[in-house]
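Structures given as structure tokens follow.
The same chain A turns up in both complexes below, where it pairs with chain B and then with chain C.
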Partner chain A sequence: MKKEFTNWKILLIDDEPKLLDLMKDVLEEEKYHVFCASSGSDGILLNEQKNPDLILLDLRMPEMDGIETLRNIRKNDDKVRVVILTGYGCPDTIRDAADLNVSEYLSKPFENEDLVSIISKSLEL
Partner chain B sequence: MTQKKNLCHNDSDGSLTGPPQAGSGKSLRKQADKALHESEERYRVLFENTGTSIIIIEEDMTISVANEDFARRTGYSRSEIEGAKKWTEFVSREDIERMVAQHRQRRESPGDAIPIYEFRYRTKSGELRNALINVQLVPGTRKSMASLIDITERKRAEEALQESEAMYKALLTGAAEGILVADLQMKQFRYANPAICRMFGYTEEELLRMTVADIHPKESLEHVMAEFDAQVRGEKTLAPDLPCLRKDGTLFYANISGISVVLEDHNYNVGFFTDITDRKRMQDMLALSESEMRTTLYSIGDAVISLDLKGCVLMMNPVAEKLTGWREPEARGKILEDVLCIVNEETRCKVDSPVVRVLKEGNVVGMANHTLLIARDGTERPIGDSAAPIFDQDFNITGVVLVFHDLTKEREAEGKILDQLSIIESYNGLVALADMNGKLIYINPGGIKMLGAIKPDEILNKNITDFIEQTNLKHVTDEWIPTAIRDGEWNGEHTLKRIDGTSIPVAQTIFSIRDVAGNLRHMGTIIMDISIQKEMQQKLLTSEKLAVMGRLVADVAHEINNPLAIIIGRTQLMLRRVDEQPSPFKGQLETVLHSARQCKIILSNLLGYSRTIGNKEDAVNLPDLIREAVDNVNYQYDMSGIDVALNCNLPTNTEITGNKVALLSVFVNLIRNARQAMYEKGNLTINVEKKSEIQLRIEIHDTGIGISKEQMTKLFQPFISGWKEHEGTGLGLATSLGIIETHGGKISAESEGEGKGAKFTILLPYKLNEEKTNQTHNKEEE
Partner chain C sequence: MNDLRRLIYVPILHAREDSGRTASILHGNEKNDIKNEKNDKELSAVDEMWDGIATKIGGLNLPWNQTRIYQDGLPVCGNELEIVTRHAESGSPNFLFILDLIQKRAKLEGTENIDLLIREYDLLNKLLMKNSNKDRKELIAEYQAKSRELLTLRDEFILNRITSTLQKGELPIVFMGVMHRLDKMLEKDFFVSYVIYRLPFRSMGTIYNA
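For the complex of A and B:
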């Protein structure tokens, strides 16, 4: 039994392409429209073009990190929901991000179920 | 008459008595008899009255005839002598043998006998007298005639002369004074005694070839000659202080007294020379020492008053003038008590000056302690003084010197010393003094406690090496003390051995104490117990290690997070497909998923351990923590050139929860960096304020060398130090970052560039302790 695609558009921003692929596969199985950006600047651009409902944002990226990317996104878009993807060891940045209207956090490495449940939880808010 | 007859008879054939044979016949005979008689008579008168003693001696030595003179001189009568005595009975024993030999010689070979010689004859009373005898053989007979002249008186005069000459010679030879006899015409020397030879360095022969002009320097000759002539004229006898020239060209001074004498029709001047060089030198020295003494007296730093035997002022120097308020001319002749008013400091009773005691005892006398001098204008000064007698050459006291000095400064210094001593006594570190052998002569109570003793006796007189670990003994003697002596100070850390055998880590300073002249007096030491600091350092080190590990683990974890997330995610996706279609791979995929999840747990545990730093929940007061950090840096480095300002505007109950030691290490690290960046001078400003309701902002701003852009990018990376080699581990900021992050905080740095200082900003979450009051806001500066 195959699920119908929902209207929800999700933008994934992470510098690790293999992780983007995995998350895309997992989320598409849940019938989300998924767009992938492998850097902060690409993410800002895609957000403007595709106007997603939710952004899954990795904090730790070279060049532009997640916080800066989010700060830029928030300049023009205060509606998009944001789930922060982070690892153990940087709880500090979560507090920084708190000012930037973040819906949820997801710690790496995560289970596929965790990813799906956090996304759906955030979208239902 | 018979004697006369005999004599004539005896002498009938002798030339003396022999009458001319004029012819024969009665008339002729008668004529001849008459002539003979006349002749005999003439001889007889001559014989008796010649004034000479005459005797005729037979061959057997019997005196046959003696004249009246002989009898008188010998004290016998002629009848006692003539035909009765031999001549030998009149001769002194010493002369008999010699004269008997002559007697015989004269008869055997008359030409060889000595006719005239001296001998001594003996009188009837036994007196021995000197005589000159002339003996001749009566021609044609074996008889001899001897005439004697008494020479006793002459002999005595001669002996007296000889004696006097000997004395005179001895006098001249032995005289300490030099004697020169010069004739008046040529002024040439005729006599020189040994003393004058010694005085001038010439031999007698040399001097006798010289004149007055040769023994005085040319330039004084005119004066010398005038003195010489004055002496000759009898106008004066003493010519004082005349320069004389020695043979070797050196000069000496002599007083010359001269007497004019006439000897053998010549006029001489006898000069007595007394060398007065020594006397003159002594006089000169005396004059010099007097002037020196005066100069010394007037330039000396102490006040000096000299007094005569009555205690009246003779002299006083400017210092004495200043202290007493009297001018020397005013004070001169006054009684000391009028000029020098001294009272006891405490009782204010008049104190006797030590002068009286000096005069009585003849010793140096010191003044009583706590003496106050009241000057003429009422100024009071504490003084210390002493008085000493002045002696002349014969050790008679001729006066007193009073020396005193103003003790005001010393009193002030004493006060300061007391203050300092009380500080030292209350200091809880160890302060000790040792003599140059290392024996402890002073230790403060803090030191006694530090060494584990209760009373000073347990420590004093021990050697400083008793408190040094065996392994350091060689360092103490070969390095530490020599350095302290050479450079004045040695500083270092080591372990102090306490009297119970336990040891504590200490920081020690050893210094040398010298007197004003620069001679080593004592060695001093200050020792601080640094157990607490050491413990703190140890803790800092541990927490730094943990923080570094946390950083590393976090870095590793981040790198592993992504691959692990992919492994887990992909395996789960594969398992879902496998569920739809049963497959032999299912079990293996489940094993992969299980192992990946285990990795996740291990990683999580590892991160959790490094996070225990942040998990500790001390309540930390931030301003106190920063002050402690400043003290800590100050202990390690010299911060004296750096102005530290702590501006803190917070409620007192503001607290940070976390690991106090770890947080302290962050501030120590940042302040230490700031100190390094400013070298030794600059301003360090620390501002603490609320950033938001949940965060505090701490800014640490220095005016140091700043941070370049290139350095800025790597600032918080581990193992990259911005300091010169060996000056940093490259872990300080990386560790600080780790610690601040585990406390949920943030740290960042700003610098406008090199040379423009740097600012580090830390954000930390805080909370208000509700148990404490929330009313005080304080702003502090350090």
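For the complex of A and C:
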């Protein structure tokens, strides 16, 4: 039986185009509605326009990093669930992320199935 | 030349059942511990976090017989192994993992000042018992403000404990709650390698990780 699209909307914010495309494919396969932003400022704008249920946010981005992006998002949106993705995790960014009420902090590399599972659980909570 | 010693630092989230249990064991009132209502999602998140940590640490191929373990919440009291065992027997993935490392010949070290731990436990217990109807955010903010000073004192004690107990040639591995700032203190004396897989904040709640 063909799987129907869910009502969940997910916003991906990452400056790496290949990773963005890969995650988009994986999540669309799971029938999520996916929007992509390749910078923090685009992500802030798309969050306002699309009102997603969950944001997947890369920490290390040029110009505006993930924490700064999330600080801006939280000024107007304290509800959206956020999963932080990072290849360079350290306690400083973990504490910042916790202060900004993230759902999950996930270190790269990760398996696609782990990402799908974490998103699914974050949306259910 | 940079000759800093290497240290493995593992930031962790505390499971609800772990928070305060050590202090309650020391108090002798373990059965009257903070009421814990675990749900399947929380248990699953805790297990997955520790599975990820175990996999990452396993991949490091550490020399376990030359590794010394420092654990958040484990007091210097002479009964360290007993405390770890009791936590592990009650199903704590954190302490089950520590026990596994001990079985691989890693050395366990008492890490925290017992008086500070008891003060921390009393503070958390008091807030949870007396303010059960307060807004969650307000409760966390109140706890954070009061525990900040205690946390600094705890971190200073732990830093001293690590530098004074670590033997020549040994590798320290430190399991520490994310809100500790011990990492900043350690970076002056050690080359710190962080082991992080996932930290499921939402699933595990925040007051125990404040």
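In the analysis below, the second predicted complex is superposed on the first by the 121 of 125 C-alpha atoms of A that agree within 3 Å, B and C clash if a C-alpha of one lies under 4 Å from a C-alpha of the other, contacts with A are read in each partner's own complex, and residues count from 1 in each chain.
Going forward, a residue touches a chain if its C-beta (ideal position, glycine included) is under 8 Å from a C-beta of that chain, and two chains touch if they have at least 3 such contacts.
Quick caveat: nothing in here was measured; it's all calculated off a predicted structure.
> In the superposition on chain A, see if there is space for chain B and chain C together, and answer fit or clash.
In the arrangement built by aligning on chain A, the partners chain C and chain B clash.
> What is the contact status of A:103 with respect to chain B (first) and chain C (second): first, second, both, or neither?
A:103 sits against chain C, while chain B stays out of touch.
> Touching A:19 in the superposition: chain B (first), chain C (second), both, neither?
Touch partner of A:19: chain B, not chain C.
> Between chain B and chain C, whom does A:112 touch in the aligned arrangement: first, second, both, or neither?
Only chain B is touched by A:112; chain C is not.
> Classify the contacts of A:60 with the two partner chains as first (chain B alone), second (chain C alone), both, or neither.
Only chain B is touched by A:60; chain C is not.
> If both complexes are laid over each other on chain A, which piece of chain C (19-27, 91-99, 109-117 or 199-207) hits chain B?
In the superposed model, chain C runs into chain B at 109-117.
> By the touch definition above, which chain A residues appear in both interfaces, chain B in one complex and chain C in the other?
Comparing the two interfaces on chain A, one with chain B and one with chain C, the shared residues are 89-92, 95, 110.
> Looking at the complex, which residues from chain A come into contact with chain B?
For chain A paired with chain B, touching residues are 16, 18-19, 22-23, 25-26, 29, 60, 87-92, 95-96, 108-113, 115.
> Of all residues in chain A, which touch chain C in the complex?
Touch list, chain A to chain C: 81, 89-92, 94-95, 97-98, 101-107, 110, 114, 118, 121-122, 124-125.
> Given the complex with chain A, which residues does chain C contribute to the contact?
Going through chain C, the ones touching chain A are 9, 11, 41, 44-45, 178-181, 183-184, 194, 196-203, 206, 209.
> In the complex, go through chain B and note every residue touching chain A.
Spelled out, the residues of chain B in touch with chain A are 550, 553-554, 557-558, 561-562, 564-570, 572-573, 576, 596, 600, 603-604, 607, 740-741, 744-746, 765.
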